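Here come two complexes built around chain A, the first alongside chain B, the second alongside chain C.
Right, the complex of A and B next:
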């Protein structure tokens, strides 16, 4: 039983880290209406930007800001140049182009940093035990940062002008345009903020393990599965999906064995698309 | 403007020169114009094995350069094509297809990850292209390769069996294997299980997905077994995460792993010496001090070349000598002659340049190279190999023993 409880706690930690890029992914889908798979490359880029900032002496918050800014700017550039011109042809060409941009970004990082893995210069602490259950103080800290980012995003969506404009555009773009909300501007903000969140997610995952050019590719399926499970386009859905995928992946180790852990994401997508294509919370942006 | 007028005589002379030029050039260097012999390296320039592939490709290129400088093979120049398998079976198959269909190479050398070798091997034997590998999974030489495959890396049986004996010798009797999903996963667990049971110990094992960023739950399962030693049988990226998670979990027993995974890069990447302090590593021991090993040092520019660069150096030498022995450059010719140049007695040689001269003089050669004796059984496995055991102390690997 304690193994199950421990697995659930481990799942909560990985779910919290997964939730940040999943919100970014789903927010971009809500406004831009195509699944932007370049999040794999952007997460890697964010992880490396954060790594450089951390190495330069910025603390965690400063490094997260750097990861957000670099990933946001590059993500916005890619959307403007490579993805948005194709959206008019439909979501599929844009999605395929985004896979290509993800690969380009991954290889740009490879060109600059090589294939070697790198770790943030952050001493690793031993776990704290509470009976048979163990917690890692650093992982709890990273999780707390992830939760704080999520709360900030929800607050921005609920209370700021741009947040309200994004939600309005996601719900009904034509009506939003009639109300004077400029769709171009909202789309650009969605790209910038969404990709910035993905970049921060890459850094948070890197803080917990290590980074290399494949960092983002490793988590792409889990991000996509979390967003689909919660309902593509729904930010709370992405959070719920991320926690469920995180816990399901950890529990799967005990039930079907560790090699099948990656199958959890595919399985979740399959079940959702078959039984409830809207996802758990539907498509509402908030 | 100046008009250039060519006289009749000049024009005739120029024409004759133009017609004769190819023959003159051909006479100048037969190596440049004869159809070159094409061979290839398919090594991991990126991915988990990315820290080994470049030096491996360089080692083969060094051999080709030496052989071309000495006149080539059968009077023909050797061209080496180098491709990246990305430590990934899909990419490996795409690269092998290109090497076989477009470059038309007669040998592919150096596949490193067992999953890549397993995927590439059928393409090779179906197209009668010879494959030399540095992968260790038992299953590889059990494939129906019809003789088109040899490997210089000891198989899992030999490697893990040896590591098991070592663990028993340092008094570890309750061991646990953590191994990623690879062709050598189950056999690693089975072999260590057998050795431990025979030595009066117990053993447990778990196969994991190597693409994850955390292994906390896997570590929990391993620690419930209460092991006094854990065999981390993964590659570098997953082993970094595993070692960190073992440390976080407070594990204080012994750890052993393959030296190809637990290497200087891993130590730097973990970045905290106490996490890797006392960890044992093992690897097939190259023939240190020999002439071939010294040449690998020179070619790769490394003070301590890894076993894989040494092995690929040997692959290139053996493949080229087998062609000379066969007086033919096809994959089938290599298959039928490779054992004739590296085992069964004859003039001992440790490089292809000397070997090619001896073969041209009608002598039988027996190649022993940078990785060891290079004697193969009927399946393509090497017959014997020594292992080097090291222990990490204060962030540096320290030799424990070679046996």
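Right, the complex of A and C next:
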């Protein structure tokens, strides 16, 4: 029983970390209308940008800002140059190009850093025990940061001009354009913010374990699963999906062992698409 | 040198099979299979397992690879053909990942990351040094058969129905075409061809392991089909051999770059392939040998049926 409770708690932590890139992915999907597979490479890039900033003496918040900025700018550049010109031919050519650009980023990181695993040099802290349940203070800190980022994103979506413009464009691009919302600008903001979140997500997940060029590729399926489970294009859905996937992954370790952890996302996607294709909260609730 | 060329031609032909399969669904119905490497692996493992531990004859292994690939294709499409194509993209990507996980972890069956070695090569004892050439001929025959089938589908009413689905599934549905069934059939056939390609690969190199079926192979085949011309079977074939030329030239090219490690060389090579795919999609979306869409016959003059 304690094992299950412990797994659920670990799942809440990893779910919170996963929610950050999942919101980014789903927001980009809502506005740009294609699944952007380059999130794998961008998450890795963010993790390494944060790693360099952290190593240079910036604190966690400063390093996260660096991860956001680098990932956002590079993601925006790739969307402009490689993906968006293809969206006119349909979502698939853009999606395929985004796989290639994810691969480009992965290999740029590999060129610079090699295949070695690296860890953020954080001070070691003793686990807090509560009966048989353990908490790691650092994990809790990372989780708190992730929750703060989520709250900031939701506040921005609800109250700022650009947030409202993004929601309007996602809901009905033609109507939004008629109302004077410039689709080009909204698309660029969605790329920048979405990819920035993905970059921060890469760093948050890296803080928890270690990073290497395949960091982003390893979490790609979980990000997709969170977004699809909640309903592609729905930001609250992505958060709900991320917590569910996080907990399901931790529980799966108890049942089938850790090697199959990353298969959870795939089966979650299959089940959701068969039983409830629009996801738990429906598409476009964003 | 001759052996090297034979090797390149053989791998190129295996990529040709994969490219023909991908072209059937991508060019034909507008679906994509981002898990091509997974179906490739399913075929390779199916045939390798039954011919090593099961002692089946090799042709039976090939037949099983076809069936296993097709069955896996059906399973993946059943839950997703009703949905938009972007969901299928996500699901197929996940499928390939799960195949690799199973191959790496079910050690009792697949020997895990050690891989399966000693996969029998057909008539290796009788052929001796001529094995590579004979295998290439055999593979080319298979390629020709698949190519002929693809051409036939391409020009048949069935192929036209598939293209109608690609252009507008709703219109095809209204015109009375069983859209879902056609899509599932095309996907399963395409996956079966990928499975067959996997079996040919395993019985050629005699060794398979999970690391040989990385998603990178999927990217290769997309590059082959996109550069050859999406929707044209001959384009897919030409693209596959072009891809092989590019891969091998890239290999030699990166050898000449000084002061880089082996890891960096590999990274540069992957980088080059990925950039090539983006460039082809952006600059030559119709490919070298674009699909030719025949004019509709004129209603008054009758024309061809």
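Methods note: the second predicted complex is superposed on the first by the 285 of 286 C-alpha atoms of A that agree within 3 Å, B and C clash if a C-alpha of one lies under 4 Å from a C-alpha of the other, contacts with A are read in each partner's own complex, and residues count from 1 in each chain.
What we mean here is this: a residue touches a chain if its C-beta (ideal position, glycine included) is under 8 Å from a C-beta of that chain, and two chains touch if they have at least 3 such contacts.
Every value quoted in this text rests on a predicted model; they were computed, and no experiment measured them.
Colleague: Looking at the superposed three-chain arrangement on chain A, would you call chain B and chain C a clash or a fit?
Modeller: clash
Colleague: With the two complexes superposed on chain A, say which partner A:27 touches: chain B (first), chain C (second), both, or neither.
Modeller: So A:27 meets neither chain B nor chain C here.
Colleague: In the superposed arrangement, does A:7 touch chain B (first), chain C (second), both or neither?
Modeller: It touches chain B, and chain C stays clear.
Colleague: Examine A:136 and indicate which partner it touches, taking first as chain B and second as chain C; both and neither are also allowed.
Modeller: In the superposition, A:136 contacts chain B only.
Colleague: Contact-wise, after the overlay, does A:111 reach chain B, chain C, both or neither (first, second, both, neither)?
Modeller: It touches chain C, and chain B stays clear.
Colleague: Quick one: is A:43 in contact with chain B, with chain C, with both, or with neither? Answer first, second, both or neither.
Modeller: Neither partner.
Colleague: Once the shared chain is lined up, is A:119 touching chain B (first), chain C (second), both, or neither of them?
Modeller: First partner only, chain B.
Colleague: Between chain B and chain C, whom does A:176 touch in the aligned arrangement: first, second, both, or neither?
Modeller: neither
Colleague: Using the touch definition from the top, say if A:127 reaches chain B (first), chain C (second), both or neither.
Modeller: A:127: touches chain B, not chain C.
Colleague: Touching A:253, do we find chain B (first), chain C (second), both, or neither?
Modeller: First partner only, chain B.
Colleague: For the combined three-chain arrangement, which segment of chain B clashes with chain C: 76-84, 112-120, 202-210 or 328-336?
Modeller: Given the superposition on chain A, chain B and chain C clash at 112-120.
Colleague: Which parts of chain A are touched by chain B and by chain C alike?
Modeller: Touching chain B in the first complex and chain C in the second, residues 110, 114-115, 259-260, 262 of chain A appear in both lists.
Colleague: Inside the complex, what are the residues of chain B that reach chain A?
Modeller: Counting only chain B, the residues touching chain A are 46-47, 50-51, 181, 206-209, 211-218, 220-221, 224, 236-237, 240-241, 244, 247-250, 265, 269-272, 275.
Colleague: Would you mind writing out the residues of chain A in touch with chain C in their complex?
Modeller: Contacts found on chain A: 34-35, 37, 82, 85-86, 89-93, 95-97, 99-101, 103-104, 106-108, 110-111, 114-115, 220-221, 224-225, 228, 232, 259-260, 262-263, 265-266, 269-270, 273-274, 277.
Colleague: So in the complex, which bits of chain A are touching chain B?
Modeller: Those in contact with chain B are residues 3, 6-7, 10, 13-14, 110, 114-119, 121, 123-127, 129, 134, 136, 205, 208-210, 212-215, 218-219, 249-250, 253-254, 257-262.
Colleague: Under the touch definition given earlier, write down the residues of chain C that touch chain A in their complex.
Modeller: 30, 32, 34, 78-80, 82-87, 89-91, 93-95, 97-98, 101, 104-105, 215-216, 219, 222, 226, 261, 263-264, 266-268, 270-271, 273-275, 277-278, 281-282, 285
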